[in-house]
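Each of the next two complexes has subunit A plus one more chain, namely subunit B in the first and subunit C in the second.
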Partner chain A sequence: MAPIPQLLIGIGAISAVTTVLAIIMVIADATIANYGDVQIRINDEKEVTVEGGRPLLSSLMEEKIFIPSACGGRGSCGLCKVQVTSDIGDYLPTELPWISDEEKTENIRLSCQLKLKKDISIQIPEELFNVREYECEVASIVDLTYDIKQVILRLKEPAEINFKAGQYIQFQVPEYELTSESVYRAYSMASQPSRHNEVELEVRLIPNGICTTYVFEHLKEGDTVTINGPYGDFHLRETDARIIFIAGGSGNAPVKSILYNMLENNNSREALYFFGARAVRDLFLVDEMKELENKLSNFKYIPALSEPLPEENWKGETGLITEVLDRHIDSGENTEAYLCGSPGMIDAAVAVLTKNGIPEDKIYYDKFA
Partner chain B sequence: MSEGIAFYAIFFAAIFTNNILLTNYLGMCSFLAVSREVSTSEGLGGAVIFVMTATSVLNWLAYHYILVPFDLVYLRYIVFIVIIAAFVQLVEMVIERISDKLYASLGIFLPLITVNCAILGVSLFMVIRNYTFFNSVFYGLGSGIGWTVAIIAMAGIRQKMARSRVPKGLTGAGITLIIAGIMALAFMGFSGMIKIT
Partner chain C sequence: MKQTVQMREIQDKMKPGVITRDGFLGTDSRNLIDILIEDDAKVKRINLTHGQIAGRMQELREAGKRGLGDFISVAPHFEVRVDMVRGKLPCPFGHPGLIQKTNIQVRNLEKNREIAFTDMHIHIIAEHGFYEGKGSPYRLEVRDLIEILEIELPEE
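Presenting the complex of A and B:
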């Protein structure tokens, strides 16, 4: 057969096969996968109508109800839990790794995995109604260290945010080279609640991290970004117990927010802040912390370096944060601990704290996985 | 030529002597990723058995009634892939519609195997080896069962191994590949019993 007609037959055959399959898929999509409109009943008071066949998480998001989620609906963070009070069938295997036995009795489900096929009623914490989407302008980007940047966002619409010191927001990363769809990443606010009109973040560069690369290489002052929040129950408990803060790297952010909030409220509880870093070049905002030591009557900042360089001439605490911690706490009596950092650091620090007599229900933390 | 081979010989050969996973090392990525628990392996295995059998039927028909008559055999890769992808999507939609239980146990694994090379491999082997329609069906079914046997065996071993101490550098995929290699050696003990190529 001559090459040209054969080529045409090939193109024709492929087109025919794919067209037939595409038509079948379109028909299937409009019939089999068409679930019509479904109603979501929230906390027995609010009702919204959404298009069926899509995950609960994104349907709620479209209705401006934001369930915390760090992975953007891929089922890999296990945060977007909601309680379902109507019958929607058994757990999916993709949910099970995140659901404890106790949560099963309350029918807590992972909202990103639940496809809406019929009307559903759910219970969510009342405070999630406070979660809003904020359009902001990047007011400033400052290098805190070689791999941590301070980003200040000025809120435009709405212009004010109310939150508790220590809470976090989700930063929306638009499509760019590293991601083909927009994703959300959680960052703790370093600003204190009295700064209603802005949000300060501390972003540490993670090689090839979708959000951190975006912030480090693409974000400029004056850019518009979208965040939503506030989320989280990492905030200071109202007791008179001694406070131990432990943080590493950008885990400093919520601690800073809590400390400045304490300062503004004249809170004079005894507080120790252990900040773990490798070398002097990893320390930041040291002057601010020293100033806080002067202004807050019972506060002490204890930076600890694990690998100080000889030329840096470090005179402070040396060793892993856990070793330094172990040296400083003698009794765990009437003490609360607030931790923010990598999962490895948190686990190690929790072990040291419980060894020194601080019960686990007095240890509060944000793990940055 | 394959006319001489009985369907049951192909069926058992596909499970044991020519196990697609352990002798051809196809379908590795889902094998490594989903072999942590026996129960999920069973779900994935069931989905693979079903899709392999059904797509070998569809692809056999497409090959012998569309590609061969028009002399378009060179297009088999793309046609097979498109048919597999569309079929898997369709089955997922249907399962999701009709049964939550079936969707929970089998349906959610379907997207995982759209791009499973073992599925494409079975379709390609069956046309390369010139199997008849009937033999292809049993080759697809046998390969699916063989893949499932291999992943369930691996999941069983990994569950047992959860408590053993694996050298640090070998945890995860490393030790799994080594075990797969040893399993492949064991399956080689079956070879020579039946020849199907």
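Presenting the complex of A and C:
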């Protein structure tokens, strides 16, 4: 039997050699490897040629094909999924946490993690071909509350956008003190689709948030910004069911878009809008919503405060929005619900809605819009 | 102190752009092992454990979750907001699974002080005694955590 010191030296030597080899492979891949040009075949109808060795997500973006992504390609949001129909090898460990068993059978992959080393065929939703990059001018910035701003962007090139009420865009934040590279963040459009030449956003300040800090501290009227979109499957379904909207904070944006779209289309479906805030100072656009109650015959706006201040003399609904919701819903029959807010709010609201008889497949939400 | 290859690999994962844009180390050029030893000593000197500190952070996080993304009052004089955002991150120390990106803001109204941390902080403090490197925008000071979160110190 080998003495223990010799054994340790042996293990140490093997570890050192393995580490050195791994480092050499990484350096070689980054500096020596040349994959040449690579073809990306999309939906069996479009083909683009890109430089090999780079991630699929950014390669597609350079070709103006935008796959939604919220983390800048770091594999931490799990959004940028595409179906790969050619052989590109096994899943990477960085992809696996985001891929369900069902998705594995369809070879759904995270496009930010796939480095293009050979030709590839992919399938993406057709609607992504409608996604464009837009250069815009900041037309106005208005404080809605102390921590929510309304930003209106006037489209310059292209000058018009087509979207469904409830969808979102990605806002490009340029390099500045909080980020050494440009990044994208998703925001729902508060404007309705008929406003083809502008996009209205509601941006809530997040401490140290890269995009929100940029909007609150740097963005000025007249600035030029870049967005891309539209994205998302959050839109009003064409049925005659009663509608329940639930939102908090800047989650108001897609609901506002849908409501104005309903108004313009003379949609008289019964609709209740539960809007949760903490105190009066967190409410915004209340007069506008009350005015909509007069214009939309079957619409009712129900703002609710979880902790109103005594001096605010609040006479409306109080309690968490889920508690207020529970008090108002007596039946889930022929009802659809549309939710936009934090994941915590959405999970709690879904529990209340299903308890009251609304099936999960009639509850639509965009947790992070 | 000289650190192991394994520790050096962990430190590499903490650099900017690997797991998070800013990384975990800030301007701290020390070996990870030295960062851990220094913070561990600070906690031991006051007879606390990293688990106790993380436990208090978790307690306030759970209480703040009731606010559904908004600030909510938490007895006796705190306001807490728990805000989850899209995405999950791996632990730089290699723990299996992913940690939800969650921002937690705690305001101590009596002391008029505020602190922000994440689910990742709760994990890396509880499991690894790591408070991030000096100069990191997300570095947490043990003293701030004790004072703002009012973590009770054991009697001598």
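Throughout what follows, the second predicted complex is superposed on the first by the 336 of 369 C-alpha atoms of A that agree within 3 Å, B and C clash if a C-alpha of one lies under 4 Å from a C-alpha of the other, contacts with A are read in each partner's own complex, and residues count from 1 in each chain.
One rule holds in what follows: contacts are C-beta pairs under 8 Å (C-beta built on N, C-alpha and C of every residue); 3 or more make two chains touch, one makes a residue touch a chain.
Nothing here was measured: the structure is a model prediction, and the numbers come from that model.
Of the two partner chains placed by the overlay, only subunit B lies in contact with A:K115; subunit C stays clear of it.
Once the two complexes are overlaid on the shared chain, A:S306 sits against subunit C while remaining clear of subunit B.
In the superposed pair of complexes, A:L21 makes contact with subunit B only, with no contact to subunit C. Of the two partner chains placed by the overlay, only subunit B lies in contact with A:L92; subunit C stays clear of it. Of the two partner chains placed by the overlay, only subunit C lies in contact with A:D282; subunit B stays clear of it.
Contact comparison for subunit A: of subunit B and subunit C, C touches the greater number of residues.
When the two complexes are overlaid on their common chain A, residue A:A159 makes contact with neither subunit B nor subunit C. Of the two partner chains placed by superposition, only subunit B is touched by A:I9; subunit C is not.
In the superposition on chain A, none of the residues of subunit A is touched both by subunit B in one structure and by subunit C in the other. Of all residues in subunit A, those touching subunit B in their complex are 1, 6, 9-10, 13-14, 17-18, 21, 24-25, 28-29, 32-33, 89-94, 115, 117. Within the complex, the subunit B residues that touch subunit A are 40, 43, 62, 66-67, 70-72, 74-75, 78-79, 82-83, 86, 89-90, 93-94, 96-97, 100-101, 103-105, 108. Those residues of subunit A whose C-beta lies close enough to touch subunit C in the complex are 15-16, 19, 70-72, 74, 76-79, 97, 179, 183, 186, 206-208, 210, 248-249, 276-278, 282, 306-307, 320-322, 341-345, 348, 367-368. Those residues of subunit C whose C-beta lies close enough to touch subunit A in the complex are 5, 17, 19-21, 65-73, 82-90, 97-98, 101, 103, 105, 116, 137.
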